[in-house]
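Multiple structures are listed underneath, in structure tokens.
In the two complexes that follow, chain A is the common piece, with chain B as its partner first and chain C second.
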Partner chain A sequence: MRTASDNCRQVLAQGSFSFWYEADLWYDNTRRAALLPIDDIQLSEDDSRGVKANGGCTIVWQDDFARSIMPNAIGDLFSPFGSELAIYAVVSAGSFQERVPLAWMQIVDVPAMRDSTMFFKGTRITTGTVLELKLQDRFVQIQADEFDVPSSPSQLASVWTEIGALTGMKLVRSLPDAPITRSVVYQNDRLQALLDLADLLGGVPYAASDGTLTMRPKAWTSPVDTLRAGDDGTLVDIQKGMSADTVYNKVTFRGQGNAQDQVLAFSEITEGPLRVRNPDGTRSPAHRRPTFRSNQFVTTSAQAKAYTESELARVSTLSAVKWPIEEVWNPLRELGDVITIVDEQDNSVTARVVGIERSQKPTQRVTVVRG
Partner chain B sequence: MADFDKTVRKKLAGLPSVARLVGTFVSTDGVRAVVDVGGGRIPADMTGYVPEVGEQVFALFIDGTATVIGSTVPKPGKGTVASAPLDNLVAVDTIVGRITVPYAAGLSLSAGQTVKLGAANDGLFVYAVMSTSPPPQAPPSPPSSGGKVQTQVFMPIDAGSYRAGWWTNQVYASDTNVGAWFYGSQIADTIPDGATIQSIAINISISSLSYQAPNFGVHGSATRPGVAVGLSQLTAIAIANGWVALPIGFGNYLKAAVGGIGINHGGYAILNSLAADPASGALRISWV
Partner chain C sequence: MTQTVNPVKNPSAETNTAGFYVLPGTSGAAVLSNPTDGGAPGASTDYVRSTWSTASTAAGGGMQIGHASNAGVERIDLVAGAQYVAGVWVRASKAKTLALQALIFNTSATQVGATATGAAVDVPANTWTRLSVSFTTGVGGVRGQLRVVDSDATRWLAGNTLDVDAVMVWPGTTLPPYSDPSTNGWMAWQGVPHASPSVLFTPVIQVTPFLDENPSPRVEVFIQDPPPGTTTVKRTADRRTMTVSGMVGVPTGSGVTRIDPDVPFGVSATYTAEFVDVNGTPLGYVSSSPVTLDVDDVWISQPLDPRLAVKVDLTDESATELKRGFDGDTVYTQGAALPRWIGGRRRALEGLKLVAETANDADADMLQDIFGTYETDQVPVICVRTPPSYSRIPRTLFLAVPAPAETDINRRYGGSLTAMTLSGDEVLRPAPGLVAALLRYQDTDAFYGTYSAIDTAYGSYLARDRDYSKAGFAG
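Our next item is the complex of A and B:
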């Protein structure tokens, strides 16, 4: 959940409010345009992507001096070379008004732009400009910035410091720091190097709505919100399902230690319906469904065992099954939120948010996985 | 389109699956190596290198083939005898540290001699005394990009004014109010404690302004506390809409400890709340 005032939470929980989106245009650490009205917005966040958030919006601009703001060259306002939109959701109910930072997005594409013009006192002036923008969060720059020379960690004392050096982004150190266990050669992909480092802290890195790089824990937290169906709830619709895809009962680790020795570990489920074999050794209903892991920062058998145990706990749940949910628009909902869902029959289930799609509709689509 | 799909599929199907794993050399089956890899014992083709039994080796898997490509650790080719032999073993200092190895029968070894080590096959072994050994070249120093200036804009996460309670989200500079912006932990988290602050500026967004310049200071709260924040390093700074430079001391305070910026006295000035202007109080800091 994003932070907001108690008043804002109450307004959102009651579901009776109006909202709109606004954006600031930032370029080169300076705000170039403030409080742009934006239209036709789609913002989609998906936890399975490296660059979590993407989307699009339309900006309708009427210039005070009847100029066109269409970008023509690299470096113009709104040109897709480092121009950034800070997108805010404004929640309003009566005299109450609060601004919630929603996303800090890079403009990656301007697929369409057009001017409306008219004749005025013998010259043609621009009465308005319409820009369609395609947006992705700040990680897109990390993704594009592959290592141009083979690289390894500049120091081994701190994961967070290394992440700061790798990405050049501002940080919020939301998880406790740890040393880097081993000097390695980074893969070409800088985003992959970032994910590998974050693994050391047990976190998933993401670009927060104020443009900082921060992490949420892979392990499930206690629920931060309750979604309730029915007359006093904000849950509109939920579609349940079940699938065996990407559910595993054995995790095998194969890696390499500090003395260049082999490091092996595996964890498997021996009890319950997902057991890999029956106690007498016969074939179990679920049978073996192994998945393989390798991580160059895991250097001892004990670390490897802990790693496979934690991975097994993650992959052996029904968390592979995604449930699409329709809920009343809520700008505070974030990827990684653990929420309690209570349906009409008062059955409650704990779930974690892995996808969010927002637009100008009064509801938003949230995808959750079960715990 | 279907043809394109087919072509892509064909290309993907033709991609070899490649993996390199660490294994333990067990024996040979006469023509191939037998290695324990990833918990299983498999036959693997060999290159010229013959490992010792129990040695850690790299096994390269390409599709259905496995090849032992050599030892996982470097094998030195020469060394300096550290002390006279004992029990048919001699201690030799090498590039991988001190190792204790057998030597060729008949050699008389003494400390300080440079010796040639056989490394290619089945364990290290001193097989000759070298006449001399040219000193190694100093390795080239690693490439360095040097220090570079970084600039970040830190957005406030909250703002308000305290007069017997946090009563407004606008930031007041007046004799009866303490106004403050809060930034969470991001500034101290991002800027290393050892960094040199080159500049620090605050984005001012004015709602109303009259009389004197407000007094700016730093406070030590990440988020809005229950009581008023205490300000230090108070400095009168004239303001106008846009970026206004702050004393470098503010940056030195904020890089080392969690905190934010506040204003007191001066004015009477009212600066915008975050609801009115999200960039009110944004801090732009450059450091190296």
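Our next item is the complex of A and C:
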């Protein structure tokens, strides 16, 4: 959950309210335009992507002096070379108003732009400009910036410091720091190197709505919100399902140690309905469903065993099954939020948010995995 | 005149000590220096320090500001026969009793009248303290000189210092806190910074109504004595605030004059100017007194070109319903008996219908021209102004009319009435910074014929810019 005042939470949770989006244009750490006239905004967040947030919006601009704001050259306002939109959601109920920072997005593409013009006193003036913008969060720059040559960490004392060196972004050190367990060679992909480093802290890195780089824990927290049906609730629709596709009962680690020696480890479930075999060695109902892992920071068998144990706990539950949910629009919902869903039969399920899609509609689509 | 001048040309010694002189006192000797480690309140970092090398033996030592005969930066030019008050910040290295004196000279550098001496003040050691003196210049007194003098018995000793900063000579009897153009955006140097008099601008907004129909009832907004920079003017009337056409980020210069052709009728309108200095720092706001345009007609005009304006009658079919809707939807949550409203902000007037009757062909043509002709483009946004006695639509209404439809009333029977149906939504005014000027240079050029005749007729360019009686003379 994003932070907001208690009043804001109450407005969102109970009864009717109004909302709209606002956006400021930033370039080179300077705000170049405030309160842009935006329309048709879509924001989508997906935990399975490296660059988690993307979206789009339309700018409908009428200039005070009838100039065009259509970008023509690199460095112009709205040109897709480092121009950024800070997007806010305004929640309003009567005199109550609160502005919630929603996303800090790079303009990556301006697929369509048009001016409407007319002749005025012998010159052509622009009576309006419409720009369509495609947006992605700040990680898009990390993704594009591949390593020149295979390289290794500059130091091994701190994961956070290394992340700062790799990305150049401002950090909010939300998880305790740890040393890097061994010097490794970074492959091509800088974003993958970032994910590997974050793995050491048990975190998932993401670009926060203030433009900083921070992490949320992979481990589930206690629930931060409750989704409820009925007059008091905000749950509009939930599509439940069950699939064996991403549920495993065995995790195998295959990797290499410091001396290029093989490091192997596996963990498996031996009891309960997901057991890999019956106690007498015969075939079990679920049979073996292994999944394979490797990580260049894991160098000893003991580390590998610990790794497979923790992974097994994660993949052997129904948490890999996604449920699409429609809920009342809520700007505070974030990827990684652990929420309690209470259904029509008053059954509670704990679930974690892995996807959010917002637009100007009064509801938003949230995808959760259950715990 | 709403400009006030501080005639001290180097008031806070930010670049040098020009205009400051040692006054070592009887038998004393001292030298001036220009330290930069923090001046008096409101006067930047530099100040003037007098350091004694030989002690004085009588009272009357201190510092002198301004010269009776030297010209340029060193002279303080005053107006003869006027009331002034002077203020100087001082600091001494030991506790002293100090006073400020004012001496007035004529153009021959001969003193006029007696020396005015302000109250003696016990100045604590190493503490900035302000001294002041009130004086009148008398007949022929046009040059001023200020002296900081001691009157206690401790004398200036070798090694003692006296610091002086923030010298202000102000007309009248009230001495404001010290400020200069380097710290106060409302002030400007008349010439070279820190070497010329500084002017404090106190802008005044005059609003003059014009009720004639050339081209439509309007007001002139005139800003007198604006500070250097730009200004944006907004009109507050009819319970809302709008930017005035053509008054967005206008360079102030010696004054700003604009016509507001969108001013509403019959309601009180107040104009508020925001001033921004040359660096883009907002300085503040100044408001006009309210003005009401006593007009009982309905006018339709083109916001981008106020010369296109016509008086019409609105029929009874007009503005029968005023609808201002909301974006949004009701949402039923699962199992809920009552939905909740999740929406956006309230919209402006939508689907408003006005039927405008014109009295003759010329007016009907004008109403068509407002939307453009085969040769000229216009934005289909019109400005409709109605008197308060009319239906409760906004008194200044910008309406987007995508399909103006003209209908005949009685022309085919030999009459002259036509009507136009204007249906649309309320919108923002297009390009508020842009408006066709009513008065153009070619108008005064055509009226006077020669530039010398124009120069004779007007004392300043601003006066020429404000002579709206010549508007449209060139056709």
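Throughout what follows, the second predicted complex is superposed on the first by the 368 of 371 C-alpha atoms of A that agree within 3 Å, B and C clash if a C-alpha of one lies under 4 Å from a C-alpha of the other, contacts with A are read in each partner's own complex, and residues count from 1 in each chain.
Here is the rule we use: a residue touches a chain if its C-beta (ideal position, glycine included) is under 8 Å from a C-beta of that chain, and two chains touch if they have at least 3 such contacts.
Quick caveat, the model's predicted, so the values are computed rather than measured.
Applying the stated contact rule after C-alpha superposition, one finds that A:Thr3 touches chain B and leaves chain C untouched. In the superposition on chain A, A:Arg99 makes contact with chain B only, while chain C stays out of contact range.
Shared-chain residue A:Trp329: touches chain C; no touch with chain B. Contacts of A:Gln260 after superposition: chain B is touched, whereas chain C is not reached. In the superposition on chain A, no contact is made by A:Phe78 with either chain B or chain C. Once chain A of one complex is fitted onto chain A of the other, the partner contacts of A:Asn29 are limited to chain B, with no touch recorded for chain C.
No residue of chain A touches both chain B in one complex and chain C in the other.
Those residues of chain C whose C-beta lies close enough to touch chain A in the complex are 243, 248-249, 304-305, 326-329, 331-338, 340-345, 376-379, 428, 430-434, 436.
By the touch criterion given at the top, residues 21-24, 37-39, 56, 72-73, 143, 150-155, 157, 184-186, 189-190, 192, 203, 243, 274-275, 277-279, 282, 284 of chain B touch chain A in their complex. Those residues of chain A whose C-beta lies close enough to touch chain B in the complex are 3, 24, 26, 29-31, 34-35, 86, 88, 90, 97-99, 101, 149, 160-161, 164, 168, 170-173, 210-212, 252, 254-257, 259-264, 266. By the touch criterion stated above, chain A contacts chain C in their complex at residues 15-20, 62-66, 92, 118-121, 125, 127-128, 229-231, 233-238, 328-329, 344, 360-363.
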